[in-house]
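Please go over the structures that come below.
Look at the two complexes coming up: subunit A is in both, with subunit B in one and subunit C in the other.
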Partner chain A sequence: MDILGKSIIRKEALDKATGKAKYTADDLSVSMLHAKMNISPYAHARITHIDTSEAWKLSGVRAILAGEQFPLTGEEIRDRPPIAYDRVRYCGEVVAVIVADSPAIAKSASNLIKVTYEPLPVVNSPSEAYKINAPLVHENINSYHREKGVYPEANTNIANRTKIRKGNMELGWRKSEIVVEANFSFSPSDHAAMETRCAIAEIREDETVIITSSSQSPFMIKKLMHTYFDIDIGKVIVNTPLVGGAYGGKASVQLELIAYLASKAVNGRKVKVLNSREEDLITSPVHIGLDATIKLGCTKDGVLQAAEILYLFDGGAYSDKAVDISRAGAVDCTGPYRINNIWCDALCMYTNHPYAAPFRGFGHSEVTFAFERTMDILGNKMKMDPLLLRSTNAILSGDTTPTQVLVNKSNVGNVSECISRLKKIINWDEGKIEKVSDTKVRAKGICCTWKNSTIDPHAGSGVTLTFNPDGSMNLISGVVEIGTATKSVLAQMLADKMKMDIHKIYVQMEVNTLSTPEHWKTVSSRGTFMAGRALLSAADDVIYQLKKLAACILRCSNEDLEVGFGRVFLRDNPELYLNIKDICYGYKYPNGNAVGGQIIGKGHYIQRHITYFDQDTGRGNPGPEWTVAAQGVVVELDRSDYTYKIIRAITVVDIGKILNEKAALGQVMGGMSMGLSFAGRETFIFDQQGKIINPQLRTYRPLRFGEHPQYDVEFVQTPVIDGPYGARSVGEHGLIGMPAALANSLSLAAGVELNQLPLIPELIWKTKEGVTHDTI
Partner chain B sequence: MYSSNSKNLNISLSINDEERSVVVRPANTLLSVIREGLGLTGTKPGCYNGDCGACTVDVDGVPIKSCLMLAVEGVGKKITTIEGLRNTPVQKSFVEHFAFQCGYCTPGFIINCNALIQKHPNAKDEIIEEWLESNICRCTGYKEIEEAIKSVITAKSEEQL
Partner chain C sequence: MIQFDFEYYKPASIYEAVQLFQTLDSQGKQPIYYSGGTEIISLARINLLYTKAVIDIKDIPECNILRIQDNQLVLGACLPLTIIEDANHFPLLTKTLREIADHTNRNKITIGGNICGQIYYREAVLPFLLSDSQVVIAGIQGLKYVPIQQVFHQQLQLQKGEFLVQIITNENDLQLPFVSIKKRQQWDTGYPLVTVVAITKSSDNSSNSSTKQIHVAFSGMSPFPYRSEQIEEDLNQQNASVQHRVNLAITHLPEPILNDVEGSSEYRKFVLKNTLQHALTTLEAE
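The block that comes next holds the complex of A and B.
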């Protein structure tokens, strides 16, 4: 049965094509109350007074939460009040929550709340935050509770510093005959999932808290509800139906806390909080920004010798996941190259911007943009072909990564192979730039990428398998179906293991933390890897149990039996068999005696040999494997007005093993689209006071149909020994190199180094013509 | 937003070939009445102001963003939501071409594509682009959606030959 690699249609496809698929906000029970948030118009201000008297006069208002001190929250550092208290630190922060009979009443009431603010000085970028006398976003960072391995610096805006110290910098610079240095920057932007975040909470009479949320982290919600509010962990039940796009943005826990507090304020009645688009863009956590400085040196032959890197991540007003993102940026702070001497400081900075959530690529597209631009600048200076420069330095077995993990053939994919395939597809030898008309040029830009995961060292996944009386199977996993088709891929693996028809496998799409085995979080492209391993072990468990029971009935040993095609049969005589349907709920002898019992398979996976990072050197093992890729973009730039069209976007990625071809292609192309959109046009525009002036999809404008280029995706398959069937992760990797490749192609086309994002024509014009004043 | 108060009206809407009577406020959008009044949750909100296209429904053969139309304006018109389409070539093609991932934008895209092929059975690229740029998909790279609609159009034109 050759089901692996096949483009099997996702299990929930028909529901999605007919409008029957249910998402969190589709719960419309009449008994439910509705909460609306009142948000801050200021980026940094003291709240001097909140007057709710007018709002209370509206009939249908059931509760108003404002000016109350709730426990501080935050995943790495507990620095964030779930509802602002005393002070707001970003434009869009929740100041009050109104619970009412309908969303309309809650909204009207919110408009009647009068908040008096006293503006405070604003920290408007991570570089500003880094300055010696910068205003402090948090005065007493050290008083906050924090997790292991988090290093805030007192009396600064530094929430965390990750240090990478590898090799000997002095030696590295001495060997460097060519050295370049450059600065890069971009502001926060957003995930802009089409489904805005939504959370529903109710509290039962026995204090059981039931939450339904559009989340990538139902099991983390449960843990955090316990940590923050001291609720017995078993009394928190989280449901997650299908999720309408996540991209990391729904890994953060925010609205769930508000929904819980709101429900508590109305005696545990069910309360729904649904973000408006504006709230989803700025109130809920965003895609992180970055300021970076990179100094890079190599020999005359282009052999990299030293990299000195400063990454200032724009963590925003609260640290939450930004600490982790900045750490991940440090772990893979260079491209996938052999560099013996590396010095990197990756800082998570507090600013008065919305705080950051993970974003597809988790810090990698951001640092790759800066690093791979520097590679091109280096190549330019020494007049070396950019692809040659990369293949000269491609990381190989025996080299070490920035955190000093020894590379072998399994744990890192094949960079050289990706580069040589890209070279062909992009027709590199035909030239990098050509004139296509009087004003237009076509140019190619490329880059290389890699990414491991940096999730909790002990993160794991569990799967249970049960049977129906006809021998068909039920697959239950804690992975959230966010659009990646992971659970359908799990079904493919099960069909392969059991040698059965995939249509006889039923997949539970929803997650319920009471009955679904835990999957740590559906993040970091680790769904297939971790849940896949758990699934394989659950399938082995089922097979073992079936054989054991059949061995007793058929009077043979387990070893003599095979499972497949709905049967347990003798290896050397398949004609002697038992139907699985006749034994999966126990076997009944003709006289009525029964043996066995229902067969329930269980399997789990926990990451192996992952470590924390040494505080002084960063030494440590981040995750099980690196997926690598080589990517390219072809643009056509009109030099008369700096408008451009993206003609082609190319990714060659080492996926380990293709499990579902079209689903994998979809992941890669979707990532590329999002990466090009982020690089080419997406950014929040902050005014001088840190106020966001484009919190709508007409002013914050993602790529639309017709603006997409031609996509070319190819897969290299270098198996990772520990992965299910050798598969590597791939959900984020299409995105990672797009900003760098686009910037490299446009820099070549425009004849000027473009080191900021987004790459709008105005930026190219300003850089080219040396215009410094701001036109906004 | 859906809510009840004294200025309610009782109206009748033709939705998916059924006459449905429903109580609305004059200010209710068609989107909120379809979802909260009639429980047809296939129509999705994404922005409530016309930017995303997730809420697209078919009104007399024209795709309309239901967040921009009042429910009372729908009286006397023939409205089709995603729940009103079954086994259409567009739906099949979306499934076969992997034209969605999370599926949240899908009802809007399918309604839009379905209206497009009724109006322009031989639509050229420019027409397709003009119609579909009104909807955002954040998951796919649009390539699969393009392939899905084009394969339906090609099949239709082959039928005509």
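The block that comes next holds the complex of A and C.
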């Protein structure tokens, strides 16, 4: 029964392939009302007047929420009115919400609302926000309620500063014989999941609030509804059906709050809020932008000595998860290298851009782009092979991470092995660059990546297992099925533990917070790790209960028994057994007497030894393990017009243990595709007033089928001792190095340092020809 | 979602369609003709288009004709782009159409709709601007046949209530040597930074037909497609290098030059220059 590692087809595959799968917006009950949002065309403005009189004249309008002061919200700092009050701080911000009998009426009414704005000076980048005397996006940061470990700075646009202070910088610079410094930047972009975000809320007479949402965080919604609106936490029930792509964007809690307020305004009737594509791009939180400055020093032999890093994250108008993203960027602020002297300030900046949600990689692809570009610049300057530079410095057991965690054989994967495998696959020894025609060159770019999670120290997961009368099992976990097949992988683990047919395992795909055990959030590639541990513990619980009951009936001790193949049997005589189906609902003796009872397995996992970070040094343990990877990109650039094709993209990643090969490949390749899309084309374009001028898929264009390169993925398997079967996280890691590897290959091909994203031919032309015209 | 209600009509004849337009217009319904519908949906849902009535002309037989007859290619305005591509009577047109939107959309987008659209690239018109083509326009007075050069200035100059029925192209022009190049901001998806469509054709006035002339039309450089006599004169200069001719042509581009999310105007000029050089070199090598 060798089910682990097998490419089991995911449990919800048929429904998804045939279109039968149900998502949040598919709920179309007749009694439901519909809410539409009126959004701000200004990036920063005072709202001087809102005239709703014309909108109210439409028949079918039930409520208009505008100009009302609701409790402030925000996960780390409560700085965000769920509906703008007095002021808008980003283009796309919700100014009014109209509840009506149909979406069309609500939208028509929204068009009739007249909002008068008085424009304010706009903070249009994190560097602008950082300037002394920059206009303030929030005047009284200190008046906001905030969570532990958040450090806003009064009278600035700094929502949070994370400091990494490791070693002795003076010593580091003294030992550095070669030093480089460079600046990097890119604007916010988006997740652009296929399913636009949707939330439905209703309030029962007993004040129970029922929310259905396309969310990665149903349990967090429940907690935040309690925190923000002081509703008894048990009276909030959140349902999450299948989610059609999330990528971090659905970890933020936004529309749920609007749906709740809208429902409250119509006496608790069921109200649906469904983002249009445009709203999903700019009104709901986006993928964070970054401005970075990195100074890096090494010896003549290429041994890294010192890194001085300033990350200015574009957190946007409200801090929400951006505080945490900027912190994650600090935790893994360098690549996976041994660097004894590190100074890093990672700042979460307020700007007049849409606010940031987590994005696959959670700050890592962003800082990796900057850091791994700097590595290549350093290698260039000292004429050292970029792969050799990286393998020389690859982090090993006994080294420490930027937050001073001691590395051992388990908690960090094998960087050197990833590098040497990449070297082979990418044919490194055949040369980094070659001429393929009069104008075209092929060039290779590489980088190394690592990522741990930085989720709440006490985050955990729970699983329950029940039986059906035929001995088949039901698996119930709080993981949201966002497309990663995590719940099918859990079923594989259960099949392995119970030595049973996976088709006899039924997985509850939906989450209902009333009956489903909590999984903290389906984020940070921790589904398999945390829910996997909980599942294994639940399976042990079931096995224990089965043995205990069988031992009594078979008159032996628990230890003599084994569970598998639908039976509980004697280890030394499998002919003596009980069928699980005959005992999972209690055992009935021939005379009718019964013992036992239905068997319900429970298991849980909570992270251990995770700490907060020291405010002055950043010292602390972020999470259970680092997945590491080496990645490469091969491009073909036409030097006459700067157009290029990506020929190959390669990832060698240490995933600890392969649990479902195709699912893992799918995760890595999907991540690579997303990373190349972000690096090569995706960005919001802001005009000088901070208005987003491409909030549509006609002009904001993710990578399309047919534009993909050849993907090559290989796995290294260095087990993490604490992980389920040794498995490491892998959901995000294909993405992380793609921007850096692409930029490194193109910089080599074009012969010029490319330090911005996205890497469109116009950027290469501009950099190459020193042209200063801006697009806008 | 289109939040406003509108009436939908599907007349079966040209006469019925133009009559309907008049009636609906007199009722203040701001009627518009409807063919593939992709642009109407795209613009209506973001409040950039409003109407109380659409007149779907897809049931009109003349609008669906695809045939070669009397040495002419006749293309009905309601033919989806993919149908025209698959028939492939006019390879230059096929190549140009294939670069518009994506296959799924091109199953809906019609040739008439692309030429008459508000989204100003209108690349489907480029091959016709270079060939001996006429358009058939329906109006209240009946049908008129007009050389396309006479009625296409930035867009098809339709009077209120008129619609495009067919485009007719001389068969002699269908197989001329051509290039059709679309350059985008990045890779294979998106609107053009510039689309260059060019052919070589023996000049009409030379009896011994030895001089070949390059004809060229553009989309993406300006908020309208165009063919320019001045630019063609520059590009057809005798005894001048490709580079010289292209540099000269670049100085005669119609204004304004687009400067938008797809690319800056300076960059567009750079891209155009490269593309024109490539086009000329390719055509003159043949």
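The definition used in the following text is that the second predicted complex is superposed on the first by the 776 of 776 C-alpha atoms of A that agree within 3 Å, B and C clash if a C-alpha of one lies under 4 Å from a C-alpha of the other, contacts with A are read in each partner's own complex, and residues count from 1 in each chain.
The rule we apply is simple: contacts are C-beta pairs under 8 Å (C-beta built on N, C-alpha and C of every residue); 3 or more make two chains touch, one makes a residue touch a chain.
This one's a predicted model, so the numbers in the text were calculated from it and none came from an experiment.
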Subunit B versus subunit C as contact partner of A:I9, first or second or both or neither: first
First, second, both or neither for A:G471, with subunit B first and subunit C second: neither
Contacts of A:G706 with subunit B and subunit C, given as first, second, both or neither: both
Contacts of A:S276 with subunit B and subunit C, given as first, second, both or neither: both
Touched partner set for A:A17, first subunit B, second subunit C, both or neither: first
First (subunit B), second (subunit C), both or neither touched by A:R698: both
Partner chain in contact with A:A104 - subunit B first, subunit C second, else both or neither: both
Touching partner for A:M674 - first (subunit B), second (subunit C), both, neither: first
Touch count on subunit A, higher of subunit B and subunit C: B
Touching partner for A:P126 - first (subunit B), second (subunit C), both, neither: neither
Subunit A positions touched by subunit B in one structure and by subunit C in the second: 103-105, 107, 276, 696, 698, 703-704, 706-707
Subunit A-touching residues of subunit C, taken from the complex the two chains share: 1-5, 42, 45-47, 102, 183, 185-191, 259-267, 270-271, 274
Residues of subunit A defined as touching subunit C within the complex: 103-105, 107-108, 111, 276, 278, 640-641, 643, 645, 680-681, 685, 693-694, 696, 698-699, 701, 703-704, 706-707, 758, 760-762, 765-766, 771, 773-776
Residues of subunit A touching subunit B in the complex: 7, 9-10, 12-23, 25-26, 28, 60, 101-105, 107, 191-196, 242-247, 276-277, 482-485, 662-663, 665-667, 669-670, 672-674, 696-698, 702-708, 711
Subunit B residues touching subunit A - in the complex, by the definition given at the top: 1-4, 35-36, 39-49, 51-52, 54, 81-83, 85-86, 91, 94-96, 98, 100-107, 110, 129, 132-133, 135-146
